[in-house]
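Got some structures for you, see below.
Next come two complexes, and both contain chain A; in the first it sits with chain B, in the second with chain C.
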Partner chain A sequence: MRRLLNTLYVTMPDAYLACDGENVLIKAQDEIKFRIPVHNLEGIVCFGFAGASPKLMYLCCERGVALSFLTGYGKFMGRVTGNVSGNVLLRRTQYRWSDDNNTAVRLSRRFIAAKIMNSRAVLHRVLRDHPEAVDQDSLRRAIQLLAGMPKRLEQAKDGDAVRGIEGEAARLYFTHFNELLLSQKDDFQIADRNRRPPTDRMNALLSFLYTLLTHESVAALESVGLDPQVGFLHRDRPGRPSLALDIMEELRPHFADRLAVTLVNRNQISAKGFVIKENGTVLMDDDTRKAVLTAWQKRKQEEIVHPYLEIKIPLGLIPYVQAMLLARYMRGDLEDYPPFFWK
Partner chain B sequence: MMVLITYDVNVTTDAGKSRLRKVAKQCVNYGQRVQNSVFECLLDPTKFAELKFRLESIIDPKTDSLRYYFLGNNWKNRVEHFGAKTGYDPEGMLMV
Partner chain C sequence: MAIYSEDDFLMLSGIQHMAFCERQWALIHIEQVWSENVRTVEGKHLHERTDDPFEDESRKTLRVVRAMPLVSHTLGLRGIADVVEFYQSKEYEAGKVCRLEDRTGWWRPAPVEYKRGRPKRDDRDAVQLCAQAMALEEMMQVSVVSGFLFYGQTKHRESIAIDATLRQHTVALTQRMHQLFREGITPKAKKGKHCSQCSLVEQCQPYWMTQHRSVEAYLARMCCVEEEDR
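Showing the complex of A and B:
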């Protein structure tokens, strides 16, 4: 099993990334602020307009380190990619499967079924742990409805039907999302899921976490030799990492949603850490972003037993493991793709 | 695993000074300089073998020496720092 390496986050706006031998350097005002050997890293994420030298980009490509650029608010802008890696036969299978409606729908059903069950598990967890703090009846009803959806998914004949059920499940889930909040309830209420731009604090937080998860999923798919842009559920669109978005579906509830809720419930972030612009856009300030990144990194190191492989791995490797399982399924080594179910 | 590498290179000759620079440069490439000739390197066994080979082909065993201390994976329990220049934890949160 691969080791979970570290990700370097650059949040200093005037930073410049350079390279010296095998080291990644971060310079500001012509002074070296940080230096780390590249073999300790698997990704570099830059927020804001951090510059990078071409030689550093070269080093990152050569060593398979994912270098991504995000705006200060976490919107994905671009990434540096090296050689198309892996096996051309594997990628051809991926493209054929993506074009084949039956296979694409079959895989889409798997992603979405896992997503629905995982979001159900998130709701179930709060009902079990804090029965006194929630509206038990409505939550129980939602959980039951969600539990019935994978069965309906089995009948979905095309992508639109799958997306329809997914939308229904997401609406149901997000209308009960506020129940998960045990403190700072008023400040982090979510009306519905919205983005581009997010119009409340919870949406801003979720969007940011989803962007981080996308970065990890793209890197995971690249590293097993799959094309992150050709998906099954998400349609092709220039620049969109459709397959990464597909495998993210099952990871969202456990990785991002629960982390967002934990941050709020433990008062690790507060309403004051968000800036509300004139047009209603809600954005995080620098300190909040740092708090979220720190929590994210910590969460990635927590160990869980993978439900399918039954071995103990850090949470941060789950996107990689899922990508690997998908690749094995495409190669014919596995009979079916086992999505990630959080127990 | 974490490996602590320390070296002593004889610098009374010009060749010695050159060896010292080369040794230091290799160490910088693989780890973090925690004190002048002390490096903490987080390496997998392959990387360690690579570094070991490089260092040992630079130094002159008659006058110089290298020491490797293997701190394993639980190295954080085995290291304590006091004073200036704390350094960073390569497995911890890396944010600049």
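Showing the complex of A and C:
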């Protein structure tokens, strides 16, 4: 299995990225603050207004290192990509499949079935581990309802039907999401899932984690030669990485939601680390963002047995593995796409 | 034999990948899978030239040409020869010698391919040399009877006869390359001993697909909820 390399997160607003031969340099006030060989990197994510030299961008393109730019608040702005990987024939298959309702729906069902089962597993975990802390009856009922949805999904004839079931599942899941909080319950209550802009701390946290996951999913798809912008469930929209959002569906509960809950439950972040603006929108402060990034990096190193391949790999490679499995399905190596299920 | 148009040309150096493993060739040349190992191979030769104990450019009877672009319309390949050596011939030999722009007399060309490692068990280096020889023949209207493989690790230079068997294998490999490329096929992995020395083993993952698991059974298993979960 491929090695899991580092992602470099640059959060200093006055940082400037440059390179010196094979090394990536981070400079601030004309001083070199950090240096790392490019072959240790999988991606670089810049938050806020960090500058980068064209030579560094060139190096990233050449070495297949994904260089993304996000706003200081974590909104994805763009990325520098090279022409290094890519099989135009594979992408053509992707486009044809995306235009073909039957195939698009079939794949959408896979993504969403896994998402629903994984959300269910997240709820199930808290019921099992902390039965005294939760509303057992209501949770049990939600878990059961969620478990029945993949079967209904199989009947879905088009994208709207799939999205309908997905929406229903998401509502059910997020209504019970607060049950997962075992400490700081009041401060991190989620009202409902809202994104732009987030209006409670949990939403701010989730949005940020989803952005990190997007970066990794986009990079994973690109590295196997798929076009991250052309999806099956998510429709094309300029600038939207629809396919990355598709494969993220199955990854969100385990990668992002559980991590958010853990951060709160272990008091690794606190309510004070969030700024609430006059209009009610909520932003993370720098220290909180750093704490989240550190936890995210650590989480990626954790090993997990991939449910389909039945091999042990670091969690951080899962987006890459799923992208690869999807590409193999498109190439005809596999008879169907095996999404990621977390049990 | 087919005459390929420039549009259909493939990379000459790819023939060594093809001889090693069809899938490896397809991953590099069709899928354009990126691998540092593969990409830097060509550039790295340059540094090893200086190690070549046989190199002597000052001889009046030898002309050493570096980085010579080659094309072959019959093979449909394009590439660059590391080095082509031209040996002065005392006399004219029909079909064996050619003229050089800036020199007088008759010259006999021989391609030299530099390899970082050591001699291989298989003929992947020889077929690459042979393809170069065949391209040279086509371009300079001369027949090439032998060439050299120089191995950096052993500092050894081997003379390779460009004979009929080698030519046939070279042509067969080239035709297969064109067929796969035309049809856009990446052959499935054939797991074998060679995988352990393959620079693309991470991207290829031959072990995933050879022990095939049913996706259908997997989906059924993962979506049906066990009793204890309730």
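Heads up, the rule we're going with is that the second predicted complex is superposed on the first by the 342 of 343 C-alpha atoms of A that agree within 3 Å, B and C clash if a C-alpha of one lies under 4 Å from a C-alpha of the other, contacts with A are read in each partner's own complex, and residues count from 1 in each chain.
We take it that a residue touches a chain if its C-beta (ideal position, glycine included) is under 8 Å from a C-beta of that chain, and two chains touch if they have at least 3 such contacts.
All of these numbers come straight from a predicted model, not from anything done at the bench.
Q: Quick one: is A:313 in contact with chain B, with chain C, with both, or with neither? Answer first, second, both or neither.
A: After superposition on chain A, A:313 lies in contact with neither partner.
Q: Thinking of the overlay built on chain A, is A:145 touched by chain B (first), by chain C (second), by both, or by neither?
A: A:145 contacts neither chain B nor chain C.
Q: Give the label of whichever partner, chain B or chain C, reaches more residues of chain A.
A: Partner touching more chain A residues in the overlay: C.
Q: If we overlay the two complexes on their shared chain A, which of chain B and chain C does A:304 touch? Say first, second, both or neither.
A: neither
Q: Contacts for A:64 in the overlay, against chain B (first) and chain C (second): which applies, first, second, both or neither?
A: After superposing on A, A:64 lies in contact with chain C but is clear of chain B.
Q: Pick one for A:290: touches chain B only (first), chain C only (second), both, or neither.
A: First partner only, chain B.
Q: Touch test for A:335: chain B only (first), chain C only (second), both, or neither?
A: In the superposition, A:335 touches chain C alone.
Q: Touch check for A:39: first (chain B), second (chain C), both, or neither?
A: Both: A:39 reaches chain B and chain C.
Q: Considering only the touch criterion stated at the top, classify A:10 as touching first (chain B), second (chain C), both, or neither.
A: first
Q: Does chain B (first) or chain C (second) touch A:225, or do both, or does neither?
A: Once the two structures are laid over each other on A, A:225 reaches chain C alone.
Q: Can you list the residues of chain A that touch chain B in one structure and chain C in the other?
A: Comparing the two interfaces on chain A, one with chain B and one with chain C, the shared residues are 3, 39.
Q: Tell me, which parts of chain B touch chain A in their complex?
A: Checking each residue of chain B against chain A gives 25, 28-32, 41-44, 47, 88, 90-96.
Q: Would you mind writing out the residues of chain C in touch with chain A in their complex?
A: Listed in rising order, the residues are 30-34, 36, 184, 186, 188, 202-203, 205, 208-209, 213-216, 218-219, 222-223, 225, 229-230.
Q: Looking at the complex, which residues from chain A come into contact with chain B?
A: Interface residues on chain A, with respect to chain B: 3, 6-12, 15, 20-23, 26, 33-37, 39-41, 290, 293-294, 297-298, 301.
Q: Would you pull the chain A residues touching chain C in the complex into a rising list?
A: For this pair, the touching residues of chain A are 1-3, 39, 63-64, 84-87, 89-90, 110, 113-114, 117, 124, 140, 143-144, 147, 150-151, 223, 225, 307-310, 324, 328, 331, 333-338, 341, 343.
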